[in-house]
Structure formats: structure tokens, C-alpha cells
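Note that subunit A is present in both complexes that follow, paired respectively with subunit B and with subunit C.
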Partner chain A sequence: MIVLFYNRKTKNRISTAWMLIAITFVIILPFILGAGLYYKSSMLFEQNSLGDLLFSKVWKPSIGKFGFLTFIMGSVWVTFIAMLISAPICIFAALSITQYSRKFYLRIIHPVIDILAGLPSVVYGVWGIIVVVPFISNVIAPIFGAQTMGYSILAGAIVLSVMIIPFILNILIEIFRTIPIELTEASLSLGATKWETIKYVLVKKAVPGIIASIGFGLARAFGETMAVLMVVGNMIQIPKNVFDAGYPLPALIANNYGEMLSIPKYDSALMFAALILFVVVMVFNALMRMLIVRYDKY
Partner chain B sequence: MIKKIEEIFFRSLMLISNMLILFVLALILFSIFKKGLSALNWEMLTQRPHGGYYYGKEGGVLNAIVGSLYLSIGATFLATIIGVPVALFMNVYLVKQRKILNFIRFLLDLIWGVPSIVYGAFGFTLMVFLGIKTSLLAGIITVTLFILPIMIRACDEILKTSPLGLLEASLSLGSTKTETSFRVVLMQSFSGIVTAILLSFGRAIGDAASVLFTAGYTDSIPTSLNEPAATLPLSIFFQLSSPVPEVQNRAYASAVILIVIILIISLLSRALSKKYHKNRI
Partner chain C sequence: MIENTKIKVDKLNLYIGKQHILKDINIEIPENKLTVILGPSGCGKTTLLKCMNRLTDLYHDVKIDGSIIIDNEDILHTKTDVTEIRKKMGLLSQRPFPLPMNIYNNVAYGLKISGRRNKKALDARVENYLKQVNLWDEVHDRLREPASKLSIGQQQRLCLARGLAVDPEIILADEPTSALDPISSETIERKFEELKQQYTIVMVTHILRQARRIADYVVFMYMGEVIEQGPAKEFFENPKMDRTKAYLQGAFN
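Presenting the complex of A and B:
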């Protein structure tokens, strides 16, 4: 009996210790990530100032000049246009799913959203090459009188917008569902129509949540790699319109890992690109999270 | 009257948005299956690439299928033995410490959003630091880091719903916190946890950016952790960049294989989560 008791206690101690180790590891993980990337990219600061790195267009790895502006602009263009496409679609879809849809339709749309969310990014890339790229070069570009092979900012943005739809949509559905039903019922009982209730009560109440969901989507889109890389064209230039090819930051990292060790400091430059992504995404997510927390309090 | 028109206008926008989402999924599946099914055959599934495979000669992508499975099973296993205890710790040991708990959830949400390419770059740094080559092991470590926050957050969401009374009843009967964690709280939400693990597995098998630097690529099937391993997403990516049409068609076929694997995982977890909702108190 005593031995048994002893065993249980030992077991408890070992497992508690393991849990503590694991949770400590998880808590310091973001700091290790940041520190590791910073350490590897710090060599870059010897020759280039931070301002030069972020705002210079000169990209000449062979003479040690690393200006990331072209790549940052590539990322900004693709992300921004993707959000323009997917934000309205997500808001309208989330409204109809939470306010108007019948049970029967929910049983279809929820698995659809889940499958879209689960498809790997390379699959979206393949779809982009088969469908989106030819569609742009054969249909959309001629309408605007532009000439393009189709591998363009617009192709990247369309593929990206489809990828982040399930992500934003899930957050929005969650947000609309947590708004107390009494609020909408009160509005309806005062004689407002369904649409008036949605416009003046539901959406008004959800504004911080809607902003946050779009912010999370932005952060998500900013770091997406493979799918964008496959359709965006990858030419080192600052895009002037949506039919130009671009070169976003993640694509820069993914495309050049092969040559990384052959040019001095090139590996530091790629790690710096990863560091930019890391910082932007973390800051964005932190801000949005705080927005939601604050709005929950009221 | 204007009100009525406004409502109709916005209702139709909602309808269009919904239709677009359904249409896009159908279009993705249809276009890839249409291109891929014609090139998909038994050989693709059961053979490694032979000499000249990348010029259109015979062979298959067995190396990538097996490599992907090894990698994701390894990473999911590691993430489970780290992640599930963390989620249990949060919901059994820390359940009363709201502030600490909120802080941990906040941190987890932050790293949850870090893009996989950043994990890839970090994994590479780690590899250089530890002095290991591109290998299955390096890939597994990187992917583990990548899916760990996803798994913990998913498990946490499930465990959060387990009633406090259950926990207190178990503790008051004299069980240790470990027994309460693993025999009561975990068992209560078991199918939910399995769903979370499957979700992470799906993430692991579909991600390409994090293994690009770390797992390498090879035409043979890895026999030890120190050998490089091919993965399905990367194999699709490489085959697609070939100028030879036959090889491109095989890329589409490989995409079909990947989609089918993902769909099976999704179906399994759907069935399990139904069971979970039925059984919980």
C-alpha cells in the first residue's frame, strides 16, 4: 500500500516536471525565434543602416548592398489587393451565415469552409497556375488593354484572397455569434426590420471585431509563401500596376535558399527578410488581439 | 420603398458572396482533378523516380509520399508529447490563475500566426547552430515547432469546455493532479483531442515552406533520421517548374494525391468531432 502511494506521488512529480518543462519551452519559443533570427541577421547591420535596409531599392548582393524596399512593396501590393477582394466577401458571407441561413445550408457551408482552410498552400498555387494565370492573361488583362503572361501581382492577390477567406470568415462568424441575441431581439421588437437591425445593431457592435478579423487576415496573408511564389512572377521590380510581376518577401526567402551560402552575407539578408516578416506579423497580431480584448470588456 | 430596395441589394450581395465561396472550392477541386486524374496511375503511387524521371521517363512519387508521412508522423508525435501536457497543465494546474492563463493564451495566439517560412528560416539557423545537415530529423524539428502552437491552442479550446466540477470532484476524491489530468480531463475530451491532433497532422503534411530549407530533397526513401527526405508539396512544386509537359501532368497528379490525403484527414476529424459532441457531459 505504501509502495503504491509512493509510486503515485513519483508519477505525479515526474509528470508535473515534464509539464513545467514543456510549458516553459512554449513560453520562451517566440523569444528564441526572434533572438535567433536577429542574431543571424545582425551581420547585415555592419555595412547597411536599418533605414537603408528597409527603404533602399538597391539589391546587389555581390557588392554587399541589400535594400529590401522592392520586396516589401511586393508584399504590400499583394496583401493589400488580396484584402480588398476578400474582406467584403467575408463580411457579407458571415452576415448571411449567422443571420439568414437555414440549418440545411449551414450543414453544407461549414464543411466547405473547413476544406478550404485545410487545403495546403501548394494546392492553391497549382490552382493559380491552371486557372487564375491563364484567366488573367486571356480575359482580364485584354479588358484593361494590358499585356501580361498572367504571372502578376493580381494573380498572387486572387490566389491569396481565396486562401484567407476561410481564415477571416471563421473569425467573423465567431464574432457575430458572440453578440448577445437580446440586443437584436430588442431592436426587432421595437419594430426595426431585419436589415435595419443588422445594420444599426449587429454590425455597429461588431466593428472592432471586424477590424481585428481583417487585421489577422492581413498578417496571415503577409507571410503566405508557396502559393504566391508560384504565380506572382518573381521579378525584382517595384510593381507599377496590378499586371506587373512582383517579388514578395517570403518568395525572396524561399527562392534563394540554394545560393544562400555561396554569396557572403546573403544568408544574413534572407534571415533579415524572415525577421521583417516575424516582427510585422507579431506586432499586427498583438495589436488586433488587444483591440478584441478591450472590446470584450465593454 | 428605398429601405426595401436596400435590403434586397445587400441580400443579393450576401448571396453572391456565398455562391463565390462554394464556386471557388468546386473550381479548385474540379480543375486539379481534371488535369491530375489522367496522369494518375498505380505507378505514381508505388514507385520511386527512376533515372530520367524529371525528363518524362517512368517512375512515381513514392519517395515524396513516404517522406511526407514520416515527416508529419514524426512531427505530430513530438508536438503531441509536448503540446497535450501543456494544454492539460493550462486547464488543470493553472485553471484558477486567470492572469497567467490569459498571458499564455496571448503568447500562443501570437506564435500561432507566425508564417511557416519564418519557422523554415529559423529551423535552418538552428540546424547550422547544432551542426546537423538537411535531413529528416531537421525537418521534423522545424515542423514540430510550426505545429506546436496550433496543436496547443486547438487542445486548449477543447479542454476549456470541460466542466470545473469534474476536476474538483476528481481532486476531492484524492487523485493527484496527474491522475486528474490524464485519467479524467483528458479522457473526457479524448475524441476532441484526437481531432486537434489530426488537424495538426494535416497542417504538417501540407506545409512546404518550413521544410524547404531543412528536410532537403531526394529521390530515394529515407532509411534513417540523418538522411534527407522528399515531401509531397515540394515534389509538386519541383515537378511543376519542369518544362516537360509529362512531368507537369505528374505534378497535377501528385496534387490530387495530396488533396485526397487532406480530405481523408478532414473527414476523419469531422466524424470524431461529431462523436465528441455526442459524448461530452
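Presenting the complex of A and C:
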């Protein structure tokens, strides 16, 4: 009996300690990652100032000039346009599903979301190449009088927007579903129409959640690699419009790691690109949290 | 028996899916009186109340037949302008649900969406209705704060004010005091006593003592049916049906 009792206590202590280790590990993980990236990319600072690295567009690895502006702009363009496409779609789809449609749609939307979210990104990339790219070069670009092969910022943004829709939509549906129906009832009984109720009451109530979902989408979109690099063109230039090819940061890393490492400091440069992604995602997260607190007063 | 009928519910049946929730409801609600719909939880009181301003439209697979006539108009008719009939009725729910905006706009909301945007007129009306519910003194210096910062009792009075602000003729109240402390409850009850001079009030409650205190007219429901209805005095002193007698003696609930 004594032995058994002792045994149980030991087990208890071990499991408690293990949980503590596990949670500590998870919490310091981002710091380990960040520190590693910083350490690996620090060699770059010997020749280039931080300002040069971020705001110069001179990319001449052979003479040790690494200006990331081109790649940063590539990422910003693709991400921004992808959000511009997917945010309105998601908001209206979520409203339609939670406020207008019969329950049937709510039941089928979850499997659909799961499928979209579960597809490997290379599948989206292939779809982009065989559908989106030709569609842009044959249909959309001519409308605007532009000439393009189709491999462009717009192609990357469209593929990206489709990829992040399930994630944003999933959060938004949850948010609109959890708004109590009594709030809708109150607004309607004051003589508001359904649309007025949605516009002035439901959306307003959901603002923190909408911000959160968009922030989540942004962070995901900014780092998405495979599908985007397959359709975005990968030319080292700052895009002037959406039909230009671009070269986002994740594509830079994926295309060159292991290939160009004979050039001195090239690996440091790629680590720096990773560090930029890391910092941007962190800043996004912090910013979104601040916004959520700011708007979460109702 | 009733001089002026404000709301007449005629052969109303309501189903949710295959469940028969309201069974052949026939009631008349007198104008400018306080009518209490009384009955144990789950007997369909709230559903009946929600039929009166067609909030039942919000729920899928609800089927209704019969008619509810308010001012000679069958509000259940598909051609009825739902927005217009809802404007005639203020709604007070079990728990207060202030709109996600500041105190001022909670009261001004109904006015603003119906097109009244004159700043001075709005100010005056907001002040007037907040005074009517005895909230003005407590909030006049923080009208721009979110309504959610008020206490529950204050929020419920605010909800009453915003309902009154759109000039309804009828007030529908669904156990409006059930989430409130005794003092706030009393404020609401006393307010209702005053308001019934101008408004037809329909209040759902399962609290017998509350019904005794304030009802002019009582509709007693049990299991989706109306068991008995009549003037409060008669209902409480001389109930006709056995079920009513049992309920009044506290045999169930």
C-alpha cells in the first residue's frame, strides 16, 4: 500500500513537472526562433545599415549589397490585394450564412471550409497556373489595356485570397453566430430594417472580431509561400501595378535557399528575409490585439 | 366585456418543426390597460408575445396560422409592412440588451433610422425619454459612454427609454424584471403603472405576485393553451377553471 501511494505521488509530480516544461517550451519557442534568426542574419549588418536593408532596392549579392525593398513591396502588394479581395467576400458570406440563409447552408459550409483549409498549398498553386494565370492574361488584363503573361501580383493575390478565405470565414461565422439574437430583436422592434440592423448593430458589435479575423488572415497571407511563388512571376522589381510580376519575401527564401549559398552572406540575407517575416507577423499580432481592445467596449 | 380591444388574437396556431407550440389561441387585449400573460415556464408565453411583432419571422421552420389583428390590420398577413407594425410596439426583453453604441445613441437609434436627424430635436427627445424612465439624473453627464457600462437595472430602464422614444402604442414586455434587483424591478413596475395611461402594455411573467400587483387583465396559459382570461380582479378572486385554481394555489410551477 505504501509503495503504491508513493508511486502515485511520484507520478503526480512527474506529470506536473512535465506539463510545466511543455508550456514553458511553447512560450519560449518564438523567442528561440527570433533569436536564432537574428543571430544568423547579424553578419549582414557589418556592411549594410538596417535602413539600407529595409529601404534600398539595390539587390547585388555579388558585391554584398542587399536591399530588401523590392521583396518587401512584393509581399505587401500581394498581401494587401489578397485581403482586399477576401475580406469583403468573407464578411458578406458570413452575414449571409448567419443572418439570411436557412440552416442547411450553415451545415454545409463547415465541410466546405474544412476542404478549402485542408488542401495543400501546392494544389492552389497548380490551380493558379492552369486557371488564374491564363484568365488574367487573356481576360482581365486586356480589359484594362495591360499586357501580361499572367504571372503577376494579381495572380498571387487571387490565389492567396482563396487560400485565406476559409480561415477568415470560419472566424467570422463564429463571431456573428455568437451575437445574441435578442440584439437583432431589439433593433428590429425599434423599426429598423434587417439591413439597418446588420449595418448599425451586428457589424458594430462584431468589429473586434472582424479586426481579429482580418489580422489573422494578414499574418497567414504574408507568410504563404508555395502557392504564391508559383504564380507571382518572381522578377526582382518593384511592381508598379497589379499586372506586374513581383517577388515576395517567402518566395525569395524558398527559391534560393541551398542554391546560391556560394555567394558570401547570401544565407545571412535569406535569414534576414525570414526575420522580416517573423517581425512583421509579430507586429501584426500586437497591433490587432491593441485594436481589439480599443474597439471592444460594447 | 372589453371596451376597446387593441390586439385580437384569433385561432392562432404555431408550430416549430413538428412541435405544436401554441394551440388555438383566442385572446383580446384591452387598450391602455396592463395585460399580464401568466403561466409556468415553457408554456408558450414568450412565443405568443413574439408573434405580436412578428419576431417569429427570425426563426426558421416556424409555421403560423390564424390572425393577430391590431387596429383592424392582420399583422400576420404576408403583405403587412413588418417594419411599420414593429414601430408601433416597444419591446422589453428578459435581460437588457443595449445596442452596441453610447447611451445617447441607444435612445436616438430608433429616431435616427426613421429619418429624424435634427440635432436639437433629438437632444430634447433623448432627455425627455431618459427622464421618463428616471435615468436622466444618473446618466446626463456621461451620455457618450457605452451603454454596456451601466448597471443591469439602468440598462433595462435605458431599453425602456429607447422603446418609448419611437412613439409606440403598445409595449411588449417579456419578464422584464426577471434579471433585475428588487429596487430596479419596482422602478419598472411603477413605470408601467404610469405608462398604461398612454400605452397598451402586454407583459409576460411567471411571477404570480407580480401579476397580482399590477395586472388589469390576465391571460393564463398552460402547455401552449389559453386556459382562462379575464379582468384581474375576477381572475384572482373567482377563477373558473380548475387548472387556474390549482395554479393560483401554487399546485404547480
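In this text, the second predicted complex is superposed on the first by the 290 of 298 C-alpha atoms of A that agree within 3 Å, B and C clash if a C-alpha of one lies under 4 Å from a C-alpha of the other, contacts with A are read in each partner's own complex, and residues count from 1 in each chain.
One rule holds for everything that comes next: a residue touches a chain if its C-beta (ideal position, glycine included) is under 8 Å from a C-beta of that chain, and two chains touch if they have at least 3 such contacts.
Computed from a prediction, not measured in an experiment: that's the story for all the values here.
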item	value
First, second, both or neither for A:G36, with subunit B first and subunit C second	first
Which superposed partner A:K204 touches (first subunit B, second subunit C, both, neither)	second
Partner chain(s) touched by A:I113 [first = subunit B, second = subunit C, both, neither]	first
Which of subunit B and subunit C A:L287 touches, first, second, both or neither	neither
Which superposed partner A:A17 touches (first subunit B, second subunit C, both, neither)	neither
Greater residue coverage of subunit A in the superposed arrangement, subunit B or subunit C	B
Subunit B versus subunit C as contact partner of A:V139, first or second or both or neither	neither
Which superposed partner A:L190 touches (first subunit B, second subunit C, both, neither)	second
Touching partner for A:I181 - first (subunit B), second (subunit C), both, neither	second
Common ground on subunit A, meaning residues reached by subunit C in one complex and by subunit B in the other	193, 196
Interfacial residue positions of subunit C with respect to subunit A in the complex	50, 53, 55, 58, 60, 83-84, 86-87, 89-91, 93, 95, 97-101, 109-110, 113-114, 146-148, 159, 162-163, 166, 172
Complex contact set, residues of subunit B against subunit A	3, 6-7, 10-11, 13-18, 20-22, 24-25, 27-28, 31-32, 35, 82-83, 85-86, 88-90, 93, 104, 106-111, 113-122, 124-126, 129, 145, 148-149, 152, 176-179, 181-182, 202, 205-209, 212-213, 233-234, 236-237, 240, 251-252, 255, 258-259, 262-263, 265-266, 270
Complex contacts: residues of subunit A adjacent to subunit C	102-103, 180-193, 196, 200-201, 204-205, 297-298
Interfacial residue positions of subunit A with respect to subunit B in the complex	8-9, 11-12, 15-16, 18-20, 22-23, 25-27, 29-30, 33, 36-37, 39-40, 88-90, 92-93, 95-97, 100, 108-109, 111-116, 118-127, 129-131, 162, 165, 169, 193-196, 216, 219-220, 222-226, 230, 250, 253-254, 257, 270-271, 273-274, 277-278, 281-282, 284-286, 289
